[in-house]
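One structure follows; several queries about it will come next.
Letters A, B, C and D name the chains as they come in the text, with residue numbers starting at 1 for each one.
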């Protein structure tokens, strides 16, 4: 493996020559989009890599030579950009896999506009010209790095682009935990759980739990309690350089979730330590993209201003 | 079994001659309170029944004759009132067990005032005089009757005094369900779940989920979504005679909970049908009890009015 | 004035022979709708009354004889139903004016579906046939009766179909008030104000302030604090027979609002006493109307159930 | 006026030699505290300045020579620190007056711990030793700079330490406004208003309106709607370098408030432009101060961690 993490990040600053295609997990219906994209890119002399799970999923014809079938490490070493076809969930996974390699992501949705997949399938090929000519706009998004500690030892560690959630399990009893920021005790809380969200995650689960929306450029982390027993526990914003620790004081059944995609069982006494990751992920947005424009659409906010 | 459900309810209207004692589950520390109460009542010629789990829990000396050791059916057939020693959870269980027998409940807390256990342990014996002389104030609380249906057949049914909750399981993925009221489709929702709460339950889990507080005399049922994906889904109050049905449209892992104490696994296609129970439970409150006074204390609302 | 308040209410149970038309205040653009309706009804031998402000507003040609121009008292004495053309605000005013005369209301909106104006202008004439043939579905809605007391004397009294709001004035300082229910002190609160809402009002201002949605058949009144200083003050539901009193303890500037349309200045020491009105207003809904269907549309809840 | 704004800020880094005393407006009950403080400081050879309104308020004996009676400009030019005696409101005013002069503030409360006045009156003199020996901990807080524009011209400008609020006036009708961030249209909203809050203001009015708590070190500004008509409008966090503009589209009656202490009438077409001020205010906290400790106390969060 090339030491990809040391190569200069190419956050959209030059035209990509090698592009990886990553498709939604277990979704053969995206095969046609992938084929169209691959054909379009090859015609323009772009080297195309197909993520190996995606290749298995959509069938052989997509891959024209064995060299194209790549795992994430290999994509990380070679690709100048990755095009993700699916929904926000596909982006989350790709971001966690590729952040350390500094490969920027382009998101193509298969129907509804996503918070992260901002290119409509219908516009897909038209947008590729913009991408190949370097007209996409880069935007950096922070990730979280979380460790689960048991008896002081790291049991498992994971990245998260949206959020790390510690919550109750299936039995449905509240958990009791202590929250620490930079080692300082903040509170002891009985609740369904706590969401630790990045700005990217602030429009996902956290928003359903009455968390605030954080613009991607805000250097902050949101701590949003889930059904807190104490009514004065409200969402708290801390700096992106603060370290959060959640210690399970009492729980018959508890779990930590990373982007809602990976989870780990927690026991009483376990701690989850969360800090900003040293890696960020770069999104490449098509010209004209606006974060607030996307929100306006997704959240059904009012249309254009009157008389302007 | 006597057909206890047909006997006239004695909701505090005459002095109780037979009293059952029910203690917090697995809590030997209440043995002393139970012994004191039993001795006090026997001295005043009250027939004392000890709930069998409670008897096992606190040890033999409490029970003076085998006749006193009673299961809930037997308490239901004989007792004029039951004194519950523990917390709100103990009351919930006793209420579900005894509602059909119309045995009124008196709640004694072991430390902190509960929403339902309004007599402090320190005042316990003093209050017994009021109880034996018929000065307690009865208050009726509705229960819910819930059935879990699979393939149209009733899998299990349960009562709930606080709430019936349908929620996601441990994997942490939102569930998708449809809500019907009296057979009419209301909405399709992706969320962590839905709380169906009685007025009694409105100050429990529902309150943590931003549900409204319902005075016990409001004849209504609260439908409170848990972390709804759609931001316009808010708590809804329907009448106490409406029937609610929740149909699981999509869930990898889901459960129904009854008062947070009993739970049942749900599968895609299952339905949970909830209506007001034909039974109510009667609480007996000591003289001077005030629902709002209790709330003021529990929720740290402002003290007494100024200048009144 | 005929003692209209004693006549039997005609809540849609027989075909109306005399119909009043009431238009949105200061809105000449509804003249055409009014003319079409009047002509349609006259052709079918219905006696048409035009509310006097409406007549002035849209110009002479609408009124074919001086007898038709009626004030609300006269409409109350003669009309079997009133058709309101405008928005929810026009309905609120008509309801407060006509509730005592038991004249049922039909609501026609001029564009967007309202919470109360459920007939689209485009369907208006088609719906009239249903109305004249008695196929409309009556629904009764409670009103509130509020008195402002100063020095123990009633300064002013008003009805409200949506809500009575006591809030701070323009200076922007929180007010401090005491809340009583049936004479019992509930709490002392510093806040921007308090909304006292009917089920009808629960989808209006109260909803913006995080109040719950009350189905019209719930016999309850919602007490919803506006920006309460104490974080544990939440919306409370009380019974429709409870009397609410709000006493201004401290305010540099405060007001009481009735349906957001009429307001009264309040001083320190003033009290606002609110109870359910002896009058209700009857809405006549077209066949097929559904309260939840309307909510689903207005609040952008999910569409029809899948596979049903 | 000395060009005080250019002098090096003394944010607690050396022992203060000149200290100003600023008392709560119209509160003669603080005279005794002021006298005690003045006497204590003079004994230790500190030059004491008395803010002129404060001097007028508490009576002559406090001021030992005419030179001590100072306006804010003069305090700004001479004082190494200002001790504010009163509540958070007194701190807000002092901060707006002194921020441009970089005079750090020490807050003494007269009863209840404030969010900003963290020294109890009872501890006051004991704490002075820490202050004079340079043991206080400085903390910088951002301010907002707001201009009201009419017809493109600046009508008035003001600083705010807590918040700039644009809201409806006394008539109680919602206002309609457009929100812009850095010139980009964000949304058009009908609401009671909008709070634009600093981290310091996030625990004040904004918290009552369901805004998030921002740690003082978060470089962000919270935009918190007041009773928004659209249910999907939630609090938004933007960066501290973003410029906010609120344009009044429709309002019969509207106002802009600065820290809830100064207000300006707004008309349709007016705009309020808000950005981070070039000035910050420095708070000096006694040794052992903790922001989260203060929050825990003020918001009744749970006590110390168990078993640590």
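For this structure, a couple of remarks:
Note that contacts are C-beta pairs under 8 Å (C-beta built on N, C-alpha and C of every residue); 3 or more make two chains touch, one makes a residue touch a chain.
In this text, all values refer to a predicted model and were calculated from it rather than measured experimentally.
Residue numbering at the chain C/chain D interface overlaps substantially, since over half of the positions present are found in both copies. Taking the mean of C-alpha positions as each chain's centre, the chain lying farthest from the centre of chain C is A. Look at where the CA atoms of chain B average out and do the same for chain D: the two points lie 48 Å apart.
If you average the CA atoms of chain C and of chain D, the two centres end up 42 Å from each other. With centres defined as mean CA coordinates, chain C is found 38 Å away from chain B. With touch defined as above, residues shared between interfaces to two or more other chains in chain B number as follows: 207, 210, 231-232, 234, 299-300. Within the complex formed with chain C, the chain D residues making contact are 165, 167, 169-173, 191-192, 205, 207-210, 226-229, 231, 253, 255, 257, 260, 263, 299.
Residue ranges of chain A in contact with chain D, taken from their complex: 178, 181, 184-189, 202, 207, 210-215, 217-220, 222, 230, 232-239, 242, 249, 290, 292, 296, 299-306, 308. The residues of chain C lying in touch with chain A in their complex are 231-232, 234, 300.
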